[in-house]
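Two complexes, one shared chain (chain A), two partners (chain B, chain C).
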Partner chain A sequence: MTAYLRPRSLAEAVAARAAEPGYLVLAGGTDLMVNANHRPAPAGLIDLWRLPGAGEISLDAERGQLAIGAGATWLQVQRHPLVVRHAAILAAAAREIGALQIQARGTIGGNVANSSPVGDSLPVLLALEAELELCSVRGTRRLPYREFCTGYRTTALGADELVSAVLVPVAAPAVRLFWRKVGTRRAQSISKVMAAAAIHLEDGVVRRATVAFGAVADRPVRLAGVEAAVVGLAPAQAAEAARAAVAGAIAPISDVRSTSDYRLQVAENLAARMFSELS
Partner chain B sequence: MVQAPPAPWIGASLPRVDGISKVTGRARYLDDLPAAGAWHGATVRSDIAHGVLEALDFDPAFDWSSVVVVTAADIAAQGGHNVIRLIQDDQPALVPVGGKVMHAHEPLALVAAPSRALARAAAAAVRPRIQPLPAVLSAKDALAGSVALHGTDNVFKSFLIRKGHREDAELERALASAALVIEGEYTTSPQEQMYIEPQAMMSSWHDGRCHIVGSMQCPYYVHKAMKTLLACKDDEVVISQSVTGGGFGGKEEYPSMIAAHAALLARKAGRAVKLVYDRDEDIAATTKRHPAWIRHRLGVDASGEPVAIDVDVVMDGGAYLTLSQVVLSRGVLHAAGPYRCPVVRVRGRVVATNHPPHGAFRGFGAPQTTFAYERQMDKLARARGEDPLALRKRLALRSGDTTATGQALTFSVGTDAVLAAIERAAGPPPQRAGRSLAGSPLRRGRGVCFYFHGAGFTGSGEARLAGRAAVAVVLPSGAEAASAAPVRFEVRSSSTDIGQGSITMFSQIAAASLGCDPQLVRVIDPTTDKVPDSGPTVASRTCMVVGRVVEQACRTLRGRLEAWRAARGPAAESLSLPEVAAAMARELASDGKELVELVQYEPPPGIVWDDDSYTGSAYPVYGWAACLVDVAVDLDTYEVSVLRCVQAVDVGKAINPVIVRGQIEGGTLQALGWALIENVIYKDGKVANANMTNCIVPTFADAPELETVLVEEPYPYGPGGAKGVGEIPMDGPAAAVANAVEDALGCAFDSLPISPEKIATALRQASARSDGKAGVP
Partner chain C sequence: MKVTLTLNGQEAAVEVPPWRRLLDVLRDDLSLTGTKEGCGEGECGACTVLLDGEPVNSCLVAAGQCDGRAVTTVEGLATHRRGEEILHAVQRQLVACGGAQCGICTPGIAVCAAHLLERGLGAPGDGANDGASDGAGVGAQAALPLAGKSEAEARAAVRELLAGNICRCTGYQLVVEAVLAAAREVADGDAGATGRPS
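After this line comes the complex of A and B, so read on.
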C-alpha cells in the first residue's frame, strides 16, 4: 500500500519531505495520475493540494518581482490581474495547458518540479528570467530558474526540498513578450514545440533578448546563440539572424508526436516570428 | 408504390428516450453493473508480432492458488473449438502452446482473480516464451511475398469489377485513347474508433446456461461465436447488450473475442467474471480502420468526358481475415465514385500482415476509396482549369445512369439537390492570404467533394440475412394493472442503441405505423432469448432495414387490431387502438397466446446481384452527399485549421432530424480527424501510441463550424422514406480537406493524415524545386 501524507502547513510539508524523501510529491496530480498505471506504485505520497497559503500571488514591489505560490493552479495564474499585467505570456501559457479540468488542478509548482521537457510553462519562466524559492527544514534559498533543470527530468531540487514559489521579474514597459505553443491539436495536447521570448527594443533595434524553447531538447532551453545574434539589429534583420542561429543551437528528436525536421523548422520559424512581429 | 401520408411522429425531433439517463449518469454501463462476488479478468498477450509460442512459464514466486488461469487447452477439454467464428474460422480465442503467434497484443492466456490488481499481477507473472519469426509489417511487404502468412501470396481475398470491357487490353486501349489521364497513388492510415466506453464484458454460468452481458453492437454475432467456442446449443448461451458507450464498428466483431474470454474464465472460476479493458489495452489490441494503398487512373476525352477508370485497391487486413473481405468489397464497390464512365476496372486485394486484425469502422472501406476518387476528380478539374464543383455537376450519376457494377439508378438519387445545397451554402471563396491572431502568415483554401454510400448489406446480403423484428402487445401487470395503465407496444429487435439513437427512432417509427403515442412504445434491450435476430447493427442498416421491418410489423398489427374492432360491430367502434389492443391481447392471453407480430425483411423488388461477376445492384439504394471545406494553413507551424465544413446529405427522410444531424456532425468530425490528426502508429507491429495522449482525436476546440443541410429524396422501401445515414458523413470530408489544402498551398497531399510534418516537408521540397526560393506561392 502507498502511504499518504497531507501536511496542512509549509512547516509540516517540509518536515514530511525531510522525513520521507522517497515519497512522491503530489501538487495537483495531472501528470502523476496519468502515469499511475505505467509505473510501480510509490512508497508514499505527500499531497500538497490546497496547502494553506501555498497558492498566493502577490507583487513584491521592493524586488520588482511577482511572487507566485507553487500551489497556484493554472486557472488562478491565468486569471490573476497581476499575472495578466506583469507576465502576460505566463497567463497565455496557462490558458493553453490541457483544458479546463487540467487547469483547475495542475499547479505551477508541480509543472516546475516535475520538469518534463514538454512542461508548458517552463520556456516562459526561462524567457522571463524567473527565480525559484526552494525550502526545506534547513531553510529557504533562491535559485535562478535557468540553473534548475540539470538534464532529462532531473533538477537541482534537494531530496528534502520543495518548490515553494516562482518569482517572476516584472517586465519593463519597453520589453515585448512572445509566446507560442504548437501542440498536436487545439486542446488537451502535448507540445511539439514551444517558444517564449522577452525582447527589449529601443530606438527600433533589439537591445537585449531572452529566447527560450521547449520540447526541442531534454529540458527547456535558453538559446544564447540566438540571443547574441540579434543584439543591435532592427526587427527584420533580427528575425533572419534568429532563424539562422537556431539550427546550430538545438537538435530535437523524432518521436510518436513529431519529427526532428519539423521541430527544427518550426523552431526556426518561431524564432524569426518573435522578432519580425515587432515591426 | 403509393406513399402513405406522412405520420406525425416521422420527422419530429423527439427527445432521446435514453437521453436523461445518460446525461444524469443513471445509465449503467458494463463496469457500473452490480457484480457482487464477480472476479476480474486480465489477458496475457504477445509482445512480438510473429512467432511460435513455445511455452507459457508461470512465475513460481506468484501464489497461483489465489487465481484461475485459462489457456487454449481448457477450450478443447470442454469439447469446444478454439476459434472466434466469423467469416472464416481462422482466429483462435487463445494461441495454443505450439501454435503461431500472428500479431503483437494477441491473447495467449487468461487469468481471473478476486481483484483487478491481483488479476493484473497474475497476468504479469505469466511469461510467454515465443520463438520469433520474420514479420510482415506492411501490405507492400505482404505482396512481395518473402514471408507467407496466408496461402502462397498472402492475399486473403480479391475482387474484380469490369464494366464496358472484357479484357485488360480493352481497358488499356480506352485509356490510351484518352486526351488526358490523371494518375494518382493514395495511402490512408489506420484509425482508432475511440468510443468513450472501452470494451467490456461480463459472464456467468447459471441455470445450465452461459450468460454474457456487455458492450456490443451485434448480440447475435457473439451468440454464434460462443456456440462454436463453448460447444453450446442455441438456448444454452444468452447474450445481452448493456448500455453501450459508442461503437463506430469497433464493437462489431471484437466483442466476440472478449466475450469468449469472459465466458471461459467464468466457466473455470465457477463464478461471474468481469473483463474490462484499460484504454491502453483497448487501443493496442482491438480492431482499427484498414490502412489502404490505392492507385487510380482516370482518362477523359478532349471534352472532359470520362472514357475509362482503373482503380487498384490494396488493404492491410492484419493477421486474420475477420471482416476484411467485406470491408474490401465495400471499398471496391465505391472506388469508381458516383460518376458516369463507360469503361471501369476495379481490382481489390486485402492481404495478410502481422498487424492486429483491422476491422469494421464507420464507412467500412468506402472512406479509403472515396479519398482516392475525390482527389482524382479535383486533379482533373485543376488540369482542365474547370471549376471543381461544376466538374462534379457535369459528371455525377443521376437517375437513369448506371454504376460501375451496371446497376441502373431509378429512384432516390439526391445528386442535384446536394450539389445545389452546397452551391447555395458556399458563399464567396475565402480570402487567400492573411495573418493569424498570433501574427503568423496564413494561406486559405477551399475544397469540395461529391460522394455516395450504399446503404444496407452488400449485394444479396440482406436477403441472405433475412433480419426479423417483432412488435408485441404487453398488458400492464402488477401495480400498473391496478392503476388501469394502458398496454405497451413492445418492439423486439437485436438492433443495439450504441449512441446513434435507434431506440428513439424505432419508437417514432412504431408510433407512426400504429397510430399511437410514442410513450406507449417500448423498445426492449437486446437479449438473444427475448429478441429475434434482426441482423447486426452495422452498414447504415438499422433505420432503413430493421426500421422497415418494425414499420411492417406495426402496420400488420394495426391491421389485425382494426379488423378485430370491425368484427365486433358498433359496440367496439368507440374503442381507441390501445384499448382494442388490450382487449384482443386479453382474449389471446386466455388461450395462453401472446399478441405479437413477427416480420422478416423482404428485399425490394428488382434487386439482382451476381457475386461471381460482381455485377448488378450492389446496394438497394445509396445516400448522396456533397461537402465543402474552407481551411487556413499556418505557414509558421504548418497546422491546418478547418474554418468551415458544410455537408449536404440526402438521407431519404430524417425520422428524427436532431438525431440525424447529430449523426452527420459526429461522422464529419471523425472524418476531419482522420484527414488531419488521427493515426495509429505501428512500430515493429506494435501500436506505439496506445494511449489517448498520443493517439489523438479532435476535441470540441478542434471542431470547426459544422453546417448540415438535410436533403430528402425518399426511398420507397425505407420506413417513411428513410435510408441509411450512419456512415456516409465519414466518407467525404478527408478528400474535401486535401482538396482545400492543395488549393491553399499549391501542393498535392495524397497520404493521410495531412499532418503538419508532411506539409512542412512538402513545402520544403517545393521550395527547393523552385530554385531555393523560400516561402510558398
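After this line comes the complex of A and C, so read on.
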C-alpha cells in the first residue's frame, strides 16, 4: 500500500525526502501521473502540491533576481506581474505549455526536475542565465541552471534534494528577449523546436547575446557558436551570422514529432529571426 | 488512506489508495460517472473537474492530493430548486446550440466553460484576471463573463481557454457558439453572475 506524506513546510519536505528516498516526489502530477493507472503503485508519495510558501514569486532587490518558488504553477507564472515585467519570455512560455488544465497544475519545479529535452521553460532559463535553489537536510545551495541538466533526462539534483526555487536575473532594460515555440498546434503540443534569447543591443550593434534551443539535442542547449558569431554586428548582419552558425552547433534527431532536416531548418530560421526582429 | 473532501459543495469521505487517480475515485468509488475518461494522459480534457476552483484533468490528480480540498464535477454545475434540477447556463446552451454530439467531451467542456464564465473570459495573462492565484480564491473577483471583449476577442479567448478540451464530433464551432451564448446570458443577468439561475 502506497504511503502518503504531505509536508507542511519546505523543512518537512526535505526531511521526508531524506528519510524516504524511495518515495515519489509529486507536485502537479502532469508528468508523473500520465497513465498512472497502468503503472505499478509507488512505495510512497511525498506530495508537494500547494506546499505552503512553495508557489511564492518575489523580487530579491539586493541580488537583482526574481525568485520563483518551485511550486508556482504555469498559471501563476504567466499571470504574475513581476514575471510579466522582468521575465516576459518566461510568462510567454508558461502560456504555451499544454493548455489551461495543464497550466493550472504543472509547476516550474516539475518542469525543471523532469528535465525533458522538450521542456519549454528550460531554454528560457538558459537564455536568462537563471540559477536554481536546491534544498536538502544538508542545506541550501545555488546552481546555475546551465550546470543542472547533465544529459538526457539526467540532472545534478542530489538524491536527497528538492528544487525549491528558480532565480532569474532581472533583465536590464537594454536587453531584448526572444521566445518562440514551434509545434503542430498552439495548445497541447510538444515542441518540435523552441528557441529563447536575451540580446544586449547597444548603439545599434549586438554587445552580447545568450541563445538557447530546446528539442534539438539530448538536453536544452546554449549555442556558444551562435553567441560568438553575432557580437559586434548590426541586427541584419547578426541574423545572417546566427543562421550560418546554427548548422555547426546542433545535430537534431528525427523522431515521431519531426525530422532532423525540418528541425535544423526551423532552428536556423529562428536564430535569424531573433536578430532580424530587433530592427 | 481516508480522503475527506468537499465534493460539489458537500463533505465526502472515501477510503482509497493515495495513488489512485481522482478520475477513478469519482467514477468507481463515488459513482459520479458524469466525468469521462478520454485519453488518461492529460491531453483531451474529458475528465476536467475543478480542484479548489481551478480546472484540472482528474486523470492526472492523485487521490491523496484531494484530501482537505474542494472538487467540483459536472454533477455539481446544476442547481436545485424545489426538487427540480436547473442546468447551468453553459449546459443549457450546449444543448440548445447543438454543442454536444456523442457527449464524451461534453462534461469536461461544461466544467471548463462554467469556470471561464465565473471568472470572465479574460485570457490568462492578458490582465483581465491578474493577481497571483492561489487556487482557492480564483473565482473570487467577479469579472464580467465577457470582460469587456468584442465578439471576435471573446471568440478567440474561448478557443484558447478551451484548447485543452478535444472534441472528435462537433468541429468546435457549435461549442464556441454555446459558450458565447451562455456568456451573453450571464452578462445580461438572466442567470445571475455565476451562470446559475438565482
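Assume the second predicted complex is superposed on the first by the 272 of 279 C-alpha atoms of A that agree within 3 Å, B and C clash if a C-alpha of one lies under 4 Å from a C-alpha of the other, contacts with A are read in each partner's own complex, and residues count from 1 in each chain.
Heads up, the rule we're going with is that a contact is a pair of C-beta atoms (placed from the backbone, for glycine too) under 8 Å apart; a residue touches a chain by one contact, two chains touch by 3 or more.
Remember, predicted model here, so these are calculated numbers, not experimental data.
Residue contacts after overlaying the shared chain place A:Thr30 against chain C, while chain B stays out of touching range. Legend: residue contacts after superposition of the two complexes on their common chain; A:Asp261 is shown touching chain B, with no touch to chain C.
Annotation for chain A, partner touching more residues between chain B and chain C: C. In the superposition on chain A, the residues of chain A contacting both chain B and chain C are 34, 37, 99, 186-188.
Note for the complex: chain C touches chain A at residues 1, 17-21, 24, 40-43, 45, 48, 51-52, 54-57, 59-62, 64-65, 67, 112, 124-125, 129-135, 160-166.
For chain A in complex with chain C, the residues that touch the partner chain are 1-4, 6, 26, 28-30, 33-38, 41-42, 45, 47, 49-50, 55, 57, 75-76, 78-81, 84, 91, 94-95, 98-105, 186-188. Across the interface of their complex, chain A is touched by residues 278, 280, 438-440, 635-639, 677, 681, 688-689, 693-694, 696, 698-702, 756-757, 760-761, 764 of chain B.
In the complex of the two chains, the chain A residues touching chain B come out as 34, 37, 99, 180, 182, 184-190, 192-193, 256-259, 261-262, 265-266, 269-270, 273, 277.
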